[in-house]
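Here subunit A shows up in two complexes: once beside subunit B, once beside subunit C.
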Partner chain A sequence: MNRNYIILTLIMLILAFGTLFLKMDDELDQVDPEILLQEIIQPTRYVTTDQVAKMIIKGDPSLMLIDVRNEEDFQNYSLPRSVNIPLDSLLNPENLSYLGIKGTKVVFVSDDDIKADQMWVLTKRLGYKGTYVMKGGLNCWMQTIIEPQQPSGDASYADQETYSFRKGAQMYFTGASAESSDDAKVEVQVQRREKSSVAAGGC
Partner chain B sequence: MGPLIPNGIIGDGWDFVIAILIGIAFGFILEAAGFSSSRNLAGVFYGYNFVVLRVFFTALIVAMVGIMYFDYLGWLDLSKIFILPTYLGPMIVGGVIMGFGFILGGYCPGTSFTGVAIGKLDALFFTIGLYVGIFGFSLAFPLFENFYNSGSLGNVTLTDVTGIPASYFALAFTVVALAAFWGTMFIEKRVRKNMKQYKF
Partner chain C sequence: MHIHELNPWRTLIALSAFVVLLIVGFLTMHKPLLTYEKSMSESVAALEDSDAYFYPWQLEDVIGNKAGNIVLFDIRDNFVFGQGHIPGAENMSANNLTREENIERLKALRDNGTTVVLYGEDELHANGPWMLFRQVGFSNVKLLLGGYRYYFEHKDDLAATKNDDSYKKGIARFNYAEMAAPEDGTGVKHVAKQPVQVERRQKSNVAAGGC
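For the complex of A and B:
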């Protein structure tokens, strides 16, 4: 028997056996484009700034805030307990380890919705579940939580409730002093009838 | 990186030039492997010469395993490769007809041209027959047009149909091919022993 044949046979067998251990790129876990499109249309990925504030105040352990702005902006101002993962460094294995933990809600925060939405689409494409976007981003956070606007006097009860929550949250996050309710400032003015020196009437 | 033309590394117009170069190389290898002899080719069916099986199976498993490594190394994107659409019924019937033609004529289309190139008369008649057959098929095409287009499965691979990873098929094919190489070697020896004359 020819020795070359035996060697070639063995080489071919080893090479073919090696293919079993090759990781094919096609097997990447990716979401179906149609499902992705449906999820992009739906607003269920949004959480409001009020919900985020409530979870932070309560110390909800399932909340994972991820700030997608660059590092400089993150240093300037960031939400408490948030982690900085800039949009372009999502794919670092270290950063990906924050995602896909069962039972946690990952909320992306940026200046507005745009970058956070991009991040959300990226994570969806990678097949992660339980990712959300903070609606309006930090701009909305400033308007609603840090400097809440007092609703007009004839606003609905729900609006008044929201406002009082936001005032409380403002105190929590900024340390603003409690304002006494406006109702207490109203001076009760008692109008006394002036005394007239002149006897009225009489004849 | 690859496939080179779809990825724009080689311009669109070059595909025919490359086809000619690969065609020349293919013809040269066929001739060098002894495929211009109809006795060599028909020998598979009578059991005295399995060179066809060995050459084609070697090309098949080397290309198959090689492509998988190329894909792994990022040299070739397998998802961009053209996959011939499968027509189950017509392909089985076509294969049977082709097999009969192979035994009767002693050539398959490609090898008949290598036979013509070195001046074999039987190959010349085979190629004439080939063109007559193509002409006849074209004229009669409306008769079996329905069958010709039936049973389309689209551009599927075995992995698409069965869900079994391609590497399992690669390994299975390789084992079968290597077993066939060694098995046919013994068959050849036994058959040739009983042959009085053996000439290519």
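For the complex of A and C:
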């Protein structure tokens, strides 16, 4: 009579035992490799130094800059308001708590963009969203924001605009004295307009 | 007394059907194309592995067909690939990397001991795919430092790039602290007020001059 129950119980026990082997790894949750690869090949994670400078100047509260260089380099120089998480100490739970905060944009910064990009891939594997890479890194930051190169006279209007923004940003970040020759150019344009309106409207 | 206890065979049939179903389920379980073979911490540590990189001067042997068992994969678009590529390279554009036939190809190359060198427009382009492939167990995949652009600039004298470090990454090219130091030694915030003062002067000029 009870034989059936015994067999059933045994099967249930075997199945229960089997579940022990289902989750062998106690690692953090991870994105499926195929989905990760699809995200990797999208270039949408890159932000320019100009965009980062603009966000810092505007005091964008959703911006979180994470510097992935080592501590010594970080102490030597870092972008304003940036946090140091060296690439090799990413898995430290304390460091992971900086990531995945809803509504924040995390931008990784390194000397160039390789280390920052590697950090991006690793955090993406852990499933964090809203992470970006500053293209060109600090070397590019120096060339574009700290010491912007003046475009040639026949450069497009957009290039001139970018340059005048960078010149302003340079002042913000270094307190460089406003080099009159460059700023004068912008001001001259404004003055010209005033003059023409004087002629038309009268005073 | 339950009804099934009258016929023990019926229970046994139901039981074996159940077990067979489970076994079939396990056997036909979807096997993912890629699975991580390196844990997170192993993946972080693996980035320091210099064996995972391929140096531009090493290309000379590959192009001259002196190095056996090395395949170059160009992950740029087919169109750009057609305009110029490293001699002997095959095109496997980034958008097609997830295709099953390409993954199978990589598996076959790994199994017969062929080294795969990935390159994109620059080093950054191939960095992500290279990392992922290493993480899912393609330990034969290497990353070409400098990417295609560096190769193209130096293709006439690749051997000379042995002594060049302009393609190397993770190096500060400037003395940041010195370059970005505030000129009068004050803090950034203090100095940032200056442009505002300049504007104020302009306003007062307009008022004083009158119109």
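General remarks:
To be clear about the criterion, the second predicted complex is superposed on the first by the 152 of 203 C-alpha atoms of A that agree within 3 Å, B and C clash if a C-alpha of one lies under 4 Å from a C-alpha of the other, contacts with A are read in each partner's own complex, and residues count from 1 in each chain.
FYI, a residue touches a chain if its C-beta (ideal position, glycine included) is under 8 Å from a C-beta of that chain, and two chains touch if they have at least 3 such contacts.
Just so it is clear, the structure is predicted and the values come from calculations on it, not from any experiment.
Look at A:158: by the touch rule set out above, it reaches neither subunit B nor subunit C. Set against each other, subunit B and subunit C touch different numbers of residues in subunit A, with C touching more. In the superposed model, A:7 makes contact with subunit C only, not with subunit B. After overlaying the two complexes on the shared chain, residue contacts for A:17 are found with subunit B alone; subunit C is out of touch.
Contacts of A:34 after superposition: subunit C is touched, whereas subunit B is not reached. Common to the subunit B-facing and subunit C-facing surfaces of subunit A are residues 15, 25, 27. Of all residues in subunit B, those touching subunit A in their complex are 61-62, 65, 68-69, 71-72, 78-79, 165-168, 170-171, 173-175, 178, 181-182.
Considering their complex, residues 5, 9, 12-13, 15-20, 22-27 of subunit A touch subunit B.
For subunit A in complex with subunit C, the touching residues are 1, 3-4, 7-8, 11, 15, 25, 27-28, 30, 32-34, 36-38, 40-41, 73, 76-77, 80, 87-88, 90-91, 110-115, 117-118, 120-122, 125-126, 135, 138-139, 142, 146-147, 168, 171-178, 203. Note for the complex: subunit C touches subunit A at residues 4-5, 8, 11-12, 15, 18-19, 22, 32-36, 39-41, 43-45, 47, 94-95, 97-98, 123-124, 127-129, 131-132, 135-136, 169-174, 176-177, 179-184, 186, 188, 190-192, 194-195, 198, 211.
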